[in-house]
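Before I ask anything, let me first share the structure, which is written out below as structure tokens.
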């Protein structure tokens, strides 16, 4: 399968949240108890039972009101921090570009949660498995659109081949920029390129997402420096221990010590 | 890779065994890769959304009489498969534990419901309707002739005590029978949500 | 006990062995949790989830025991002074530590008289105390990650892994010296019955040996 | 809707005012966004910055209930600046027709007002007629007697400046809206309850009609006026006349003065005679004969002095007239304004029968906290109804599209379709009346009611379609019905004729092809009347019958074949009458003039100049005009509860004809803020279904009150605090949402605050909450009977 992409055109999103419901309907995810947080928003973050939600951002400037909507879900990054962080090799990439969690392998450690720049994957503590958007891989591999895309009435979500979606995004950006000079794409320049590409009307920070999302430095240090160095340290220590044993053996220290002990025991016995 | 795919299937709680019938995609090829669709083996039955007046098409995927999944009907030219959150949530009505299971009866002054059979319910309603109809029948009205100014007696044929709040929430056929029923039993006091 | 010197109180010994057992459990389960190729280790304990539970229980016992034993009467005093002295690294300690590699491989070079804990031991203690403290703090941050700032959790992983690996290396050395090294393993008895051979004590902790002798005379 | 959902993609401009379609008709946004991608402009006028407003090019915040002020200013501007479509106005509207010299508008009242009855006599709202009783046409739009000049004079008072003072929308913005909407054609107007739920609701919508007729937008692809209707089958239920003044197919309901069918025809226009006979034949079958007046006498007759609209039903119960109420799928306990009167009324019933999906607040009214349950003597029977996909049948969407669905799932538990419920009750009643010779029981015993053991929806739909006695078959088309002699065809609803021709069910057609790209989808299901997708489409052609918009061709006159043809079904009187004939000129065939009505004159067409025999129905069918009861041209009146005085005529503050139901009204001194109520995307109407759906409760968990930051500061309330909203009629406490989406308005120089609250909560369900209708006011539009939910006065304080 060729690389796929979902283009999220926030300029068309009406914040109806059908995507969130359709996701739950397709993936049999239970409803959660919520209350309003701000504006009309009630879902605060992805959870093991909420794989996509909309955040709402009210911005009033120079007498002009803007009500900005942002759809959150797994971005299915090309350089997936979660995958790098996963100690269990449970996270993998598909040919189509999706980042998936193999629940046979997942151990529920939550390293993916902590290392995802958006904290998308979440561990269900009752089963100790991490859950997140699957990109509806079962639908797309079977020729259907992802559930969120297929339900989106205002046409804010598009699904297709990666290059086709990128082109569409560029075209829309060109149009939208006329009215919203700060409009920009989000996703193409981060994490090696994401599978969910956004058209935003303003800076990512206005939507509460980091503009410079990247694999955390700590993760790189951890996996690429600390682990190899630590391995060397332990290996070195192990070699030293073995070397020490051999050296002592070669120097006859064990024999001598043995004698000493025997002597002292003899003494004891003699007393 | 096999393991990982199996893991995925487990996540979706799906059976790989089902066969595709008339679903319009190559299930075998898909299954070879391991991504089985929970819709395989389902009959697709179109319906219509029950909220605003858009008339968006629903598509129900039904297996062995059970609803497996509900989503927008891509072949309906109004919504082309799209649904709003209300419509997208409609599969939660199908087996809602909160839907009453039988007719319910609340006696005068009672503080709780009790269950009733349909036969009992229909009989009770019909008898009461007849009783009120008899009691409140208005055979004639006195009116003033607009032209002559004379008082005259004209047929009224009304059951004054019966009223009906009909519905924009039911099908045309049902709505029509509500009108027909109300007029036949003698009540023009028939209104509904279109008014509000 | 004849020919032996009393070195560690019962509390200290129990504390040491609690920590030793916890450490090994933590090391094994931790390794299984962080390296997919070491996951088979988890099977010893009955699977990865049980391993994680063991890791957390062991961690809890490990840290709680510190508070308990450091506050307990005699052993508390002993442990507190051990901890304090470990970070008082004198010229004599340095001189001992300098020769440590030679000692390690079975050689010998004279060193100035040492206190209750010699330079090598102090080095071990310093690394252990600092490392384990960092592991414990980062471990709790990881345990309660959902209520911690994300950057802190991310760095906790680095610290936890880094110090764990370092301490593991230190542990190997400690184990070697305590158990396998033909000379220094004489100290092992101190962790079982509390006594070490007088000769050994004289050779390795001359200052302490003299101090104890004076104290014994006084009592 | 004159057009359809798909047709919205053909628009160049949208005026969305009185509709929050992104939230309450989300499907609209699919097509609006498609038009937008092609360059269409979106104008939203609303008391709040809604999720629809978030997609607008121009947003104007308006004080609730003042739409006519700015719309009147737009009409004035279009006339003054000659921005109207002159050929269209001349060809297709009544602009040139001369109005009676007795017509007047003075001091806020039109001529003919009877203050004691709060009603108008329409006599002076008439045309000047010639000897043939036809309206006299002026030579030009400058004739002082013509409709156009009446319009011009009437709206000359509506300057942008006055409109700003009344509505709070800056003058420049009103001008921008007017210019934008006039420049980008075809322009489309959406409204919904935001426009209807006022005491001036009908007149506000009349403004839309006037604007669209002036701009020549009606009858065109991408044009028209879209009433985005509120419920899944509200179009169908209105077609089926679940209303006290109609019979199916919009026949006027006979009053007690119309003793015979002849009386009925004389009063309502002879065009109503045929559908009435056809309906009676559907209802009484063989028992309806010419000899017995087709059973007309069996119909109950309306007493015009005793005609409560829905929101008055509860007063009628309280007064003791109604003893038994059937309630199918309504949740009045939540949905009726000033709702305390609902429980008072229901408590007086002997029996309440409720059929619904979930156990609604209405069925459980006796359980509400604060009521003395044991003292309530009402017997209540709740009938569990099958849900939409558990039954077969049709629903008619907002664009008149009749769609068939099959049973997808067996009804849950013991639930039954409403069809079976009503069928079983009727059959049981007929059984109880068997053998009765009392004339009052004749309609029950003589009724044509046989839909099978389990009532078959298809049989009912076929009854709606009707049968032709001559062929003994189902009527094949609307034309066949129209051409058949009176008394030879039956139909349960004449506008549905043709939906099920013999052997077919056109409502079940699934061909979604759209060869024109205009979204007509003509082979998909069936739209009444006669499968026409864009109403009044004759107006999309010029005087020669050729399309004026080459991009959006709907119909045209084919001079070779001598027939109206095209992509859509031609909405013409007679397909064979060319554009030069009187019939072929008519774009609005349901109006007696055949013209679009800028001025709703009282007029009956087809009245013979010479006297006709008293007992015959005239050969030329007479057609009466639909009247707007509160004036032939829209006039601005303040809402019943308003924070300010009427700037145009202080002595006539409110609509003089409004139906007042509530008994208590607040003073702005005590209740200084304007409350407006609405629905949200995530819940539906009174919430009986959606508040029982966990996924929806997750995304909209609780009710709230929205207010400006100024008001929040003033009251010491921040977002998330609890706020108590009170009116003279009641109060409730909800979460406060302090937002920039509502701004303080300057109304006639005074700062005025608006508070917004959704109303979908009640005391039962998985997600109970306080009902906003505790505080709203029950005063209705005189024509439509719709209560003024959209504005009342309240106070607010931190709770």
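Order as written gives the chain letters A, B, C and D; numbering starts at 1 within each chain.
We adopt the following convention: a residue touches a chain if its C-beta (ideal position, glycine included) is under 8 Å from a C-beta of that chain, and two chains touch if they have at least 3 such contacts.
Computed from a predicted model, the values in this text were never measured in an experiment.
Hopping across touching chains, the smallest step count from subunit B to subunit C is 2. Centroid analysis (C-alpha atoms only) places C farthest from subunit D. If each chain is reduced to the average of its C-alpha atoms, the one that sits nearest the average of all protein C-alpha atoms is B. In terms of their C-alpha centroids, the spacing between subunit C and subunit D amounts to 83 Å. Rounded to whole angstrom, the centroid-to-centroid distance between subunit A and subunit B, based on C-alpha atoms, equals 42 Å. Separation between the centroids of subunit A and subunit D, computed from CA atoms only, is 51 Å. Centre-to-centre, using mean CA coordinates, subunit B is 22 Å away from subunit D. Taken residue by residue, subunit D touches two or more other chains at 26-27, 30, 681-682, 694-696, 699, whereas all remaining positions touch fewer. Shown for subunit B are the residues in touch with two or more other chains, namely 70, 79, 82, 84-85, 88-89.
Along subunit A, residues 16-18, 20-21, 25, 105, 153, 155 each make contact with two or more other chains. Every pair of chains meeting the touch criterion is listed here: A-B, A-C, A-D, B-D.
The touching residues of subunit A, when paired with subunit B in their complex, are 16-18, 20-22, 25-28, 90, 92, 100-106, 131, 134, 137-139, 141-145, 147, 150-153, 155.
Listed in rising order, the residues of subunit B touching subunit D in the complex are 45-58, 60, 62, 65-67, 70, 75-80, 82, 84-86, 88-90, 92-96, 98-109, 111, 113, 116, 118, 121-130, 132, 135-137, 139, 141, 143, 145-146, 154-196. Listed in rising order, the residues of subunit D touching subunit A in the complex are 22-23, 26-27, 29-30, 33-34, 37, 49, 51-55, 57, 59, 680-682, 694-702, 704, 719-720, 735, 737, 739-741.
Chain contact summary for the complex, subunit C toward subunit A: residues 3, 33-36, 39, 48-49, 52, 104-107, 145-146, 150-151, 153-155, 157-158, 161-162, 164-166, 168-170, 172-173, 175-176, 180-183. Touching subunit A in their complex are the following residues of subunit B: 3-4, 6-8, 10-14, 23-27, 30, 33, 35-38, 69-72, 74, 79, 81-85, 87-89, 91.
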